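The following pair of complexes shares a single chain, chain A, combined with chain B in the former and chain C in the latter.
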Partner chain A sequence: MTWLNEKERRIAGFAAIAFGVVALLPLVDQGYYLSISVNIVMYVVLCTAWTLFSGPTHYISLATAAFFGIGTYTVALGIDTVPFPLLLVIAALASGLLACVVGIATLRLSGIYFVIFTLGLAELVRQVVTWLQTNFSSSLGLYVFTDFGEQHIYWMLLGLAAIVYITGWLINRSRLGFAMQIIGNDETVAKHVGIDTARAKVILFIISGAFIGIVGAILAPRFSYVQPPSAFNPMISFQVVIMALLGGTKRIWGPLLGVIPFTILFDQVTAYFPNHTSFVIGIAFMAIVYLLPQGVLGRLEDLVRLRKRFRMVSAEEGNNP
Partner chain B sequence: MSAAILSLDHATKAFGGLIAVNDLSFSLQDGELLGLIGPNGSGKTTVLNLISGALKPTSGSISLGGTEIAGQPAHKIARLGIARTFQLVRILPSLTAEQNVVAGGVFGHVRSWGVEAHDRARLLLERVGLSGRGDSPTSSMTYIDQKRLELARALAANPKVLLLDEWLAGLNPSELKIGIDLIRELRNDGISIIMVEHVMDAIRSLCDRCVVMSSGLKIADGDVHGVLADPEVIRAYLGDDHA
Partner chain C sequence: MSVIISGLLLGGTYALIAVGLTMQYGVSRIMNLANGENLVFACFVAFWLFTTFAINPILGIVLIVPLAFVLNWLIYTYAMRPLVDRAKNRGQLEVDSILATFGLLFILQGIMKLTFGGGYFNYNFLAVPVTIMGSNYGLNRIVAFIAAAVIAGALYLFLNHTRYGTAIRAVAVDPVSAGLVAIDVPRASAFAFALGGALTAASGALLSTFYTFNADMGIIFTMKALIIVIMGGVGDVRGAVLAALLLGLAETAVATFIDPGLTIAATYALFMLVLLFRPQGIFGKRPS
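Take a look at the complex of A and B:
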């Protein structure tokens, strides 16, 4: 078996070029476009990492803010004493550990209970951190001073995005990925063909949570002053879900199709209607659920299928004049 | 045919006050095809669920080749070599036929993967009468083809014990004949099988032995013709007037 087939090599080549081109952006612009691109890449990583777990399992996790905040706080607490790359590793381990504990405790819950639990979890972690700070520290926030500029954060996020995509691709062709596909189809069958469904789900939740933690860590220098409400902002959890669903969660590159339009739209909304962002998000969420239940990705696949059918029909007509 | 490969010893399953399986003991010999029959609601499917791990017995023991499996999770039991089909056929709709079969062999005690797994899957598809259908989407398959597919998936695990839950139900007469021939071939290959079935013709022509259940209790166990003539069994199916 060859490692990569012809098609995969072409996709890999195309992706590498695309990453290369996108990485040049800070050389062209250091202002608005770089800033919004940081947001886009951040949400690309968050949504793709979220989809790694929630795509195949259909479990809607609202714990993104918890993992993100743990990453941010890891950096805020250690920036003066620990080298930054090591902090990224610690952030991954810490949020992975939280995902592991939460996963073991809750992945037996189904559907709505899991959603509620993860929402509560993010809030709980935020309250605990606030309590610790008010009781054991003199200030409510932490300063993060680094030499990192916007462009460094951008490049780190791009690198992380590449790692997330490669990880997702590797998972998809592994036994774990196949197991997740079966679980997504029919969990009863999955158990009866020998899949430890709880373990598979926990492993994926850990991988997903660890990546989200790293994003939080990379973003910490951008905050400068880290406080619980900004690090554990529940809006992050909701936006990730909306963007991932808008893009489509059936393929690993699906969320990308949702993040780019939504981030740009959201940026415009906050610029022109700063007091109505929640309102717009709510409308957007309902519109997605009603109009694009399979996301942009699903619509694209429908179009491709239609075109194929159309071609087949016209070919047949050509054969029978 | 000597040692018991699977044995149930005083297995009981209660759902609250309802005792679905009541103190049931029987064993399956190596290479045997055992029919598990009884009127609707007598607890047959519950027995298969206890063996395959979908349900945990309330009490009693179930052992596979000397290993206690009662109460183990389904995936562990599957890995020990018990495969099953479901009363209401369960295929994996988003996968192709071939992937459906591969799924049966990747995580069990065979653990085949990659090219080897796909080669095996194609052989099994051929065996159940679906040769060349590996790439077809499962949603467009007829009912019997879906049942065949599910059987191929169970066989991909190379099971020591195969549990068939009304695998022949809902087939038309010509399909039924094909189905019976297929199960006979499996038995001739030496797979130990328990089949829950309502189709008496199939039981008569296929089974070495029969266990009959009624309201959770075992009411007969033995050679098929003897068991079906047993007044107790006739009473369970047809009522007192016919016994």
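Take a look at the complex of A and C:
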């Protein structure tokens, strides 16, 4: 593995500056803008982690809410006895373990089994948690009291976002990333050149699930009272799918283009038309399929390609007047 | 004994939903995740017909089924055909149809919530106890089971003993070869999709006679139906019926002996077993 080249160093520098500027936000505003920014950064991490797995494989995972809820519950159960950083590690391990079980059961088979399995996964975990709580504990909800304010959650999420981006970049450079590229293009070819396709997919799903679990853990203090229906909210899974695909999953920064506009739009609709949120989600899915099959990213790349061709044509005309 | 009978009665309704879905996925190759909304929509129509016009839900089926057939034909022609035409391979069509029917799911759900609100609905129809082997069962459940059995039997006869039914089975096996023997594949696909939707709507009307329903429960039914379809083997009507009865039994047993809140866990336990030991379905053959 070679160290950074000129272009990569420039991108890294630019990204570091951008992160630094974004991290200053809580010094300027502590109200509405900080709160919506927490949402945006949360979905950026969720969608990017989702894309790590679903981008190259094209498998639509609806397991986000399950991993997220496991993270939230880990913190809710352990906050009084275990230090917070350790809880984040446990959350990552617990959701990674669930991803491993689901992956081993379904990823050996065709993609459709995986989609169906993840469709009800959050509901399954919610039922099991509710059953455990009603039978083995006194109350159904758990209080999460911490000293964390909105700005601490924001900084932790930003840090996690940086880690996810670096992980994604490292995976792309590794053998695993190369294997995933081949699997994404043609799985039969991948098998013939000796790639253990099921193993590669399971590993990637575990990484993706672990990150989503950490996000759930970081956000637990924001809920302050954790109950199964709020922790395992299935809408998170659908929103993550929409935002990631709306942005585009071919590049690691693609989801960013979908998360920012959709989070702001959804926030406005929830505030002013609370009975019409299903329509927004439904229309967004339709728009992805019929208008933006490669996401905003795909449209942008089309534009860049058009401009290049246009330049080439005009340059040729300049040479032969 | 009472667990077995209630389980079979529940499984009968599941069977009809799953058979509808297996027609849509097995023949038309569309993974329709909005099928549960179709079912809930039929529940609401049956409810509306019964409470406003006092129309018996069993008779209501006669109105609901053609309506659902036309509606699903339109959905297939205008929303799904463009996806079928542009898909380069089956995997891409699967992803596209999943996303498009998710869109449909939320739009239908939104319409139902705006029209009827988010509350729970039920009505009293034939809620008379009937005693079978010492335990009581609602007459509405038994009537729904018999109606489901009649509809499933009619479908089986249609698919196996008529010319067009054979054509549809041919499309299920291989759409390309079916085209070579002069079967109009696009028309057969549209027909199978519409028929699947109509079957699901029929089961919705039957379900509404004994089940408390609300606008967002569709997805749970879609999920159960999908698991039944996988268990039975895609496109296999006999397998779907058997798998549905098994699921009904498993759910009732878990609800009775362990906890009524764990029905999905029962569904998943069965699903896991199938994935680990017979991913090709109960009657399926191993791919060579």
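Quick note on the criterion: the second predicted complex is superposed on the first by the 319 of 321 C-alpha atoms of A that agree within 3 Å, B and C clash if a C-alpha of one lies under 4 Å from a C-alpha of the other, contacts with A are read in each partner's own complex, and residues count from 1 in each chain.
Throughout what follows, contacts are C-beta pairs under 8 Å (C-beta built on N, C-alpha and C of every residue); 3 or more make two chains touch, one makes a residue touch a chain.
Here the structure is a predicted model, which is why all the values come from computation and not from measurement.
Applying the stated contact rule after C-alpha superposition, one finds that A:V115 touches chain C and leaves chain B untouched. Once the two complexes are laid over each other on the shared chain, residue contacts for A:V189 go to chain B alone; chain C is not touched. Shared-chain residue A:Q268: touches no atom of chain B or chain C.
Once the two complexes are laid over each other on the shared chain, residue contacts for A:F285 go to chain C alone; chain B is not touched. In the superposed pair of complexes, A:N5 makes contact with neither chain B nor chain C. When both complexes are overlaid on chain A, the residue A:T197 reaches chain B alone and has no touch with chain C. Measured by the number of chain A residues touched, the leading partner among chain B and chain C is C. Of the two partner chains placed around the shared chain by superposition, chain B is the only one that A:A179 touches, whereas chain C remains out of contact. Partner chain C is touched in their complex by these residues of chain A: 58, 60, 105-106, 109, 111-113, 115-117, 119-120, 123-124, 127-128, 130-131, 134-135, 234, 238, 241, 245, 275-279, 281-286, 288-290, 293.
Listed in rising order, the residues of chain B touching chain A in the complex are 52-54, 73-75, 78-79, 83-84, 86, 90, 92-95, 102-104, 106-109, 113-115, 153, 157.
The touching residues of chain C, counted against chain A in their complex, run 31, 33, 82-83, 91, 94-96, 98-100, 102-110, 113-114, 219-220, 222-223, 226-227, 230, 259, 261-265, 267-268, 271-272, 275-276, 279.
For chain A in complex with chain B, the touching residues are 1, 175, 178-179, 181-182, 184-186, 188-197.
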